[in-house]
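Report on the structure given below.
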C-alpha cells in the first residue's frame, strides 16, 4: 500500500518530521511518500495561511492520485483543503485534525486539544463542529508556541505544551489530549508517559485511518458534495488540474 | 463611500449583473466598484471551485483595500474566502450568503434557501451552522440550475427556481426565501411579488450591510482569528500579497 | 425615510439619549421619531417589567405604523414585545438586541454582551438562542449597574462596564463587545477606542438595519407566525388596537 | 391545598371546561379556583394575542397569590406570561404547555404536539427549545381548528385533531401525543383509547405538577431571573400591582 | 395507590433512607414498597456498577409489576436500567435523576447538580442530554463523597456537599440545586433553608411524578422503543423473566 | 496482534458470520478470537435485550482481557455494554456501531443507517448523539427485518435492506450507508457495488480501528468515567469479576 502524506506548508524540516511519524505508525509493508508544495506559506497559522496553501496542496494531491496511491493524508491540523482534496482525488483522503479527534473519541469520553497559537482556535473549533465531534472536545487550548519554533532544537515549546496539558487535565475534565499541530508529533509518546493519559497525535492517527479505509475498499462518496468537478474552463495556473472536466 | 464588490469567478456577464444589483441597492452617493479575478474557475459549484477561486479573490481584496475602499463584498453565495479576506483587509468584509441570511432573519421566523446545484447544499449548510443561523433556515434547496445557465437569456432557470420556492412555502414552513446564487439577483423583486413573501437577494443585502458597518465605524476585530498575518516568507505568486509580514 | 424609535420605558431622559444615538447613526435624509409610552415601568429590568411595558409599546407601534413610517426600532436590549410588534405592524420592526448581535457577527467570530443587571442575563441568553446567534456569543455579562443609574451624570456605571469588557476580552475569547442596554449607547465610541475592538451599540445598529430593510423593500413576512391578528372581539384598553379584526 | 387556575383569555366557556379538567385531575382535597381576566382577547392565537392577555393574567395571579393559594396554573398552551408570573408570585407557577411536555417525556421517548392554528407553531417550538425539551418533540402539528371552534358543540374539530394524531404516529415517529390547547382537554381520554398511545393534556398535567411542587415545598427560586421586581415607580393601570416596590 | 421503589444497590441502610424519603413525599393513602436486589454492587459509582446492578433491578421491577403496583421508582440518580424497565413494566417507571431534573426545571431557569464522585459526572451529563434537559443544567459537580460514606453517621459528607452548593450558586449561575444521589435525600430540606434556594431531591420528586402519571392514567407508550420484548428464547438466570415471550 | 471479538447474543451462527467478517478485515498477522456468552438473549432488539446481554458480554471481555488480548470488539450495532467494558478492560474496546459511524464520516459528509427493527432506532439515535456524530447521520432507518431472519438462507432480508438504501439515497441526502446490524456484514460489498456509494459495515470497521489503537499504543483513559471500579463487595454471579477491587 502507498500513502501520500502532504505537508501543506513549504518547510522541509517539518516534512521530514511528519514522514518519520508516518513511517513509525504505518503498517509494515506500507510505503509512505511525504511531500510539500514548492510554493506557499512556510507555516499555517490562521485562515489566510490556510487559503494560500491550498493550491500547492491540491497540486500534490492531484499528482500523487494520478500516480496511483492508495490514500492521502493532509498533514496540517487545520485539515486545510480537505474538502477540495476529497472532490479531486480518487483515493480516500484523511486530515490529521479529524483523524486525531476520531481516535481520541474511542479512548476517552472527552479530550482537549493543545495547539500552537490562539488565532487558530476558532478554525479548529469550527472543524470540530463540522466533524460532529465538538461535544467530545472539552476545550481547544493554545500553547502560544509558533509552528516554526517547534522546529528549533532546544526551544521551550515542549515545556509550554506540557503546561497546557496539565491545565487541560485539571480544569477541563479532559480524559485525553490531542496534539494540535503536525510539528508536535514527536512529543506524543513521552507526554503520554508523563501525564498517564492517551496523547493522540494526528499524523499517526491519519496514516492508520487512511490505511484502514483503503484496506476495506472505502473511498470518498462521489454522489454529493464530493462529486467530481463539472466540465468547465478553469484559467490560470490551475487550468491543467482537471483533466476530465 | 466606496464599496469593492468582488465576483470570485471569471465570468464577466455575472460581474455586470452583480454590479447592477449592487448599484440598485446602494445608498445614493455610494460608489460601487465591481471586479472579478483574471484567473480561476468560470463559476463556483462546490468545494474544489471554491478553493481555486480564493487566490484571485484575495488579490482583488488586497488591491482594493490598499486603494482605500470603505468595505468589501464577496459576491458568491458560498462566501468563498471570507475568513481569509477578513484577515487581510483593513475595511469590513461581508459575504452575500451571510448577508442574505442575516436580513432574512429580521423579516421572518424561518427562511429556505434556493440555490443552484445540490452539490453545493452541504457547503451552504455548514456556513449557516458557522454563522449561527442554521436554526433559522428551514431547508437549503437546489433548483439544479447550473450557475452559468442563469446567464443565458431565455433559460428555464427561473421556472425551476420558482418551483422550488413553491415547495419551500408548502413543505418547509418557510416564511421567506433566500436566493442562493449571485446570478439570481435579478429575479428577487418579481419572485417576491409572485409569492407574496420576502425574497432576499444577497448582493443587495451585503451592500447595505457593509455600508452600515462602514458608516458606524465597525471594522473586523483584529485580536483573534482575524489578526493580521504574522511575518513570514510566503513564496510563489502570493509572495507579494503581505507587505507588512 | 421616517423611522419610529420606541423606548418602551417611561423615562424621558433615556428617550432623548436614544434619539441622539439614532440620529447620529441614520443615513442623511432619514427622519427619526423617538417616542415613549405614557404608562408602564420607568426601566425594564427582568421579565415582569418586560411584560408591563408591552401594551404601551404596542400602542406606539400601532400609532406610528398607521401614520405611515417606513420602519420601527424597539429600543430596549431585551427586544421587548418584538414578536407582537411584527404581527401588528405593516412596516419592518427591528429590536436593538438582535440588531447589535447581527452586526457584531459580521466583524468578529465571537462577541460578549455587557448588560446592566444579572437578572436580565437569562432573558438575553434566550433571545440569542431564538435568533440563532447564541453560538456567536461567548458570554452575557452583567455590570450590575441599574438602568436608571446610567442616566445619572457622574455615575460609576461606565467604570464598571469597562471592567466587564476587560474581563470579556481576557477570559471569554470575545473578539468584540455588544453593549447590552439602550442607556449605554453614548459609551460605544470611546470604549471601542479604549479597548481596540469593535464595540457594537444596538440603537445605531437597529436604525441602520431597519433603514436597509425599508430601502430594499423587505417587510415582515405575513404568512406564518407574524400573520395579522384574526378578527375577534378584544375587550379592555386594547379594544381599539386592531381595526381590521 | 388551593390551586389558582387562570385561563388567560376572556371566554367563560373555556374557563368552565378548564375547571372541569382541573378538578378531575386534582388530588382529593385540593380546591381548584378557576378564573379569567375581565379584559383581553377572547382567544390566544399568536404572539399579539399573547401580549395583550398578559396584564389581565398577571392581575389574576397577583390577586390569588395575595389571597394565599398554594400554586398557580396558567391554562394556555403557549404558557403566556409564565416568566412574569414567576417573578411576581410567591407560590409556584406551572404552565400547561410545559407541564404536558414534562409528563409526556416520562412515558415516551418522543411525542408530537397537535395544536390549533399553524400560526402558533413557532411560538410552541420556541417554548420547547427554552424548556430544553425540543429534542423530545418529534413535531408540532396544527389541526387548523381555531380555538373558539372547540367551544362549539358538534364542531368538526375533534375529527381534524384525530387526523393529525394519525399522521403524527405514522410519519413523525412519535410514541405519545400532547394536545396543544386547553380547549382540547376533554378529548384526551377518548383519543388515548382510540389510538392506543398516551395522550397528554396540559391542564391535568399542570394541576398535578403544581400540587407536587407545593407538597414538596418547592417554590420558584428568587435569586436570578425570577427575583422580585426592584422598587420603581410603575405608572398606569399596573401601578398598584407591585406593593413592595 | 401502591408504588414500588427499587434501590438498585444491595445496601439495606440506603433502602431504609430511600423508603423514608418516599413515604414523606407520598400523597396520603399511597403505599410505598421499598426493595433492593439480593445480588449486585453495594453502591453504584460509574458505568460498571450500573451494568452489574441491572439484572437484579429488573427482577424487582418484574416481580412488583406482576404483583400489581401502580408505578415504579428507580432510586439511583444514574437512572440505571430505566429504559429496560420501561420495556418490561406495565406500570409507569420514573428514575430519580430525571424526576429531580424535571421538577427543578419548573422552579428555576437553571440548576446545578451536586453528586458523589467525579467518575459519575459523564454518565449524568449524558442522561441530561437524553432527557433534553442539559440546557437547563448549569453544571454537574462532584463532592467527591463516596456513596457509602453518606451512610456513616457523622461523616464529613454534608459539609463537602454544602461547599459545592456554595460554588454552584456563586460560579455557575444556578438558581436551584439538584442533589445527585439517593443517599443525600435527608439533606434536602435543611440545605434549602441554609442556602435560600430550591434544593430538589430525586426520591421525593419521583414518587410524586409517578403518582401523577398513575392518577392521570398515563403509562409508558408501547409502540416504539418501549414495545414489549419479542418472543425469543432467553437463556440463563433471566430465562424466566419474560412470560409472554 | 490478538483481537477479542464478542458477539453479545447467544446465536452461534451470528458469531461465525462475525468471525468471517473480522478475519477478512484484519491486517495479515492479526489473530481474531470470536466468542459469544453462554447465557443471555439470542438476539438484541431493544433496550431490554441490551440490558440482559451485558453480564455475559462483560464475562467474555474480562476473560479475554486477563488472557492478554490487544483489543476488544463488541459486535452488536447498539454498542451494548461498551462503557462498562471500557471500565473493566485494560486493552482498548471498540463497538461496531461507533466504528462504522467514524469511518463513514471520513468518506461522506452525511450517511444514513439501515438497521433491523424500528424499535431499535431511538437507541441508535441516542448513541450517535453521545458519540457526537448525530449531525453526520441523515437518518436511522429500519428495514423491519428481525435479527435472526438475517441468519436464514434465502430470506427476503437483503431485498428489504436494499429498498431502504434506495430510499436513503433518494430522500435523506445521504452520501454513504452504514449497515446497522452485525448480521448484515456479508451484504456490504455487493450493496456498495449495487448502489455506487460507500457501504460501511461495523465489524470490519471496528477490527481495523481497534488494531490501529493497539498499534499506536492508545488505550482507554483511566482518569475519568472509565477509571477502574472502586474496591467494594460485589455479590452474586458477578462477585468474581473484579479481582483488583
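A, B, C, D, E and F are the chain letters, set down in written order, and residue numbers restart from 1 in every chain.
Everything that follows uses one rule, which is that contacts are C-beta pairs under 8 Å (C-beta built on N, C-alpha and C of every residue); 3 or more make two chains touch, one makes a residue touch a chain.
Quick caveat: nothing in here was measured; it's all calculated off a predicted structure.
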Any chain that touches chain D and chain C: B, E
Any chain that touches chain F and chain E: A, D
Distance between the centres, which are taken as Cα means, of chain B and chain A, whole angstrom: 29
Centroid spacing, where centroids are CA-atom means, of chain D and chain F in whole angstrom: 44
Whole-Å separation of chain centres (CA-atom averages), chain A against chain D: 52
For chain D, residues that touch 2 or more chains besides their own: 109-110, 121-122, 173, 224-226
Pairs of chains satisfying the touch condition: A-B, A-C, A-E, A-F, B-C, B-D, B-F, C-D, C-E, D-E, D-F, E-F
Footprint of chain E on chain F - complex, ascending: 10, 38-43, 45-52, 54-56, 58, 81, 83-84, 86-88, 118-123, 126, 129-130, 146, 148, 224-227, 229-230, 232-238, 241-242
Interfacial residue positions of chain A with respect to chain F in the complex: 25, 27, 92, 94, 98, 102-103, 105-110, 131-136, 169, 173, 175-176, 189, 192, 196-198, 200, 204-205, 208-209, 212-213, 215-226
Residues of chain D that touch chain F when the two form their complex: 109-110, 173
Complex contacts: residues of chain C adjacent to chain E: 121-122
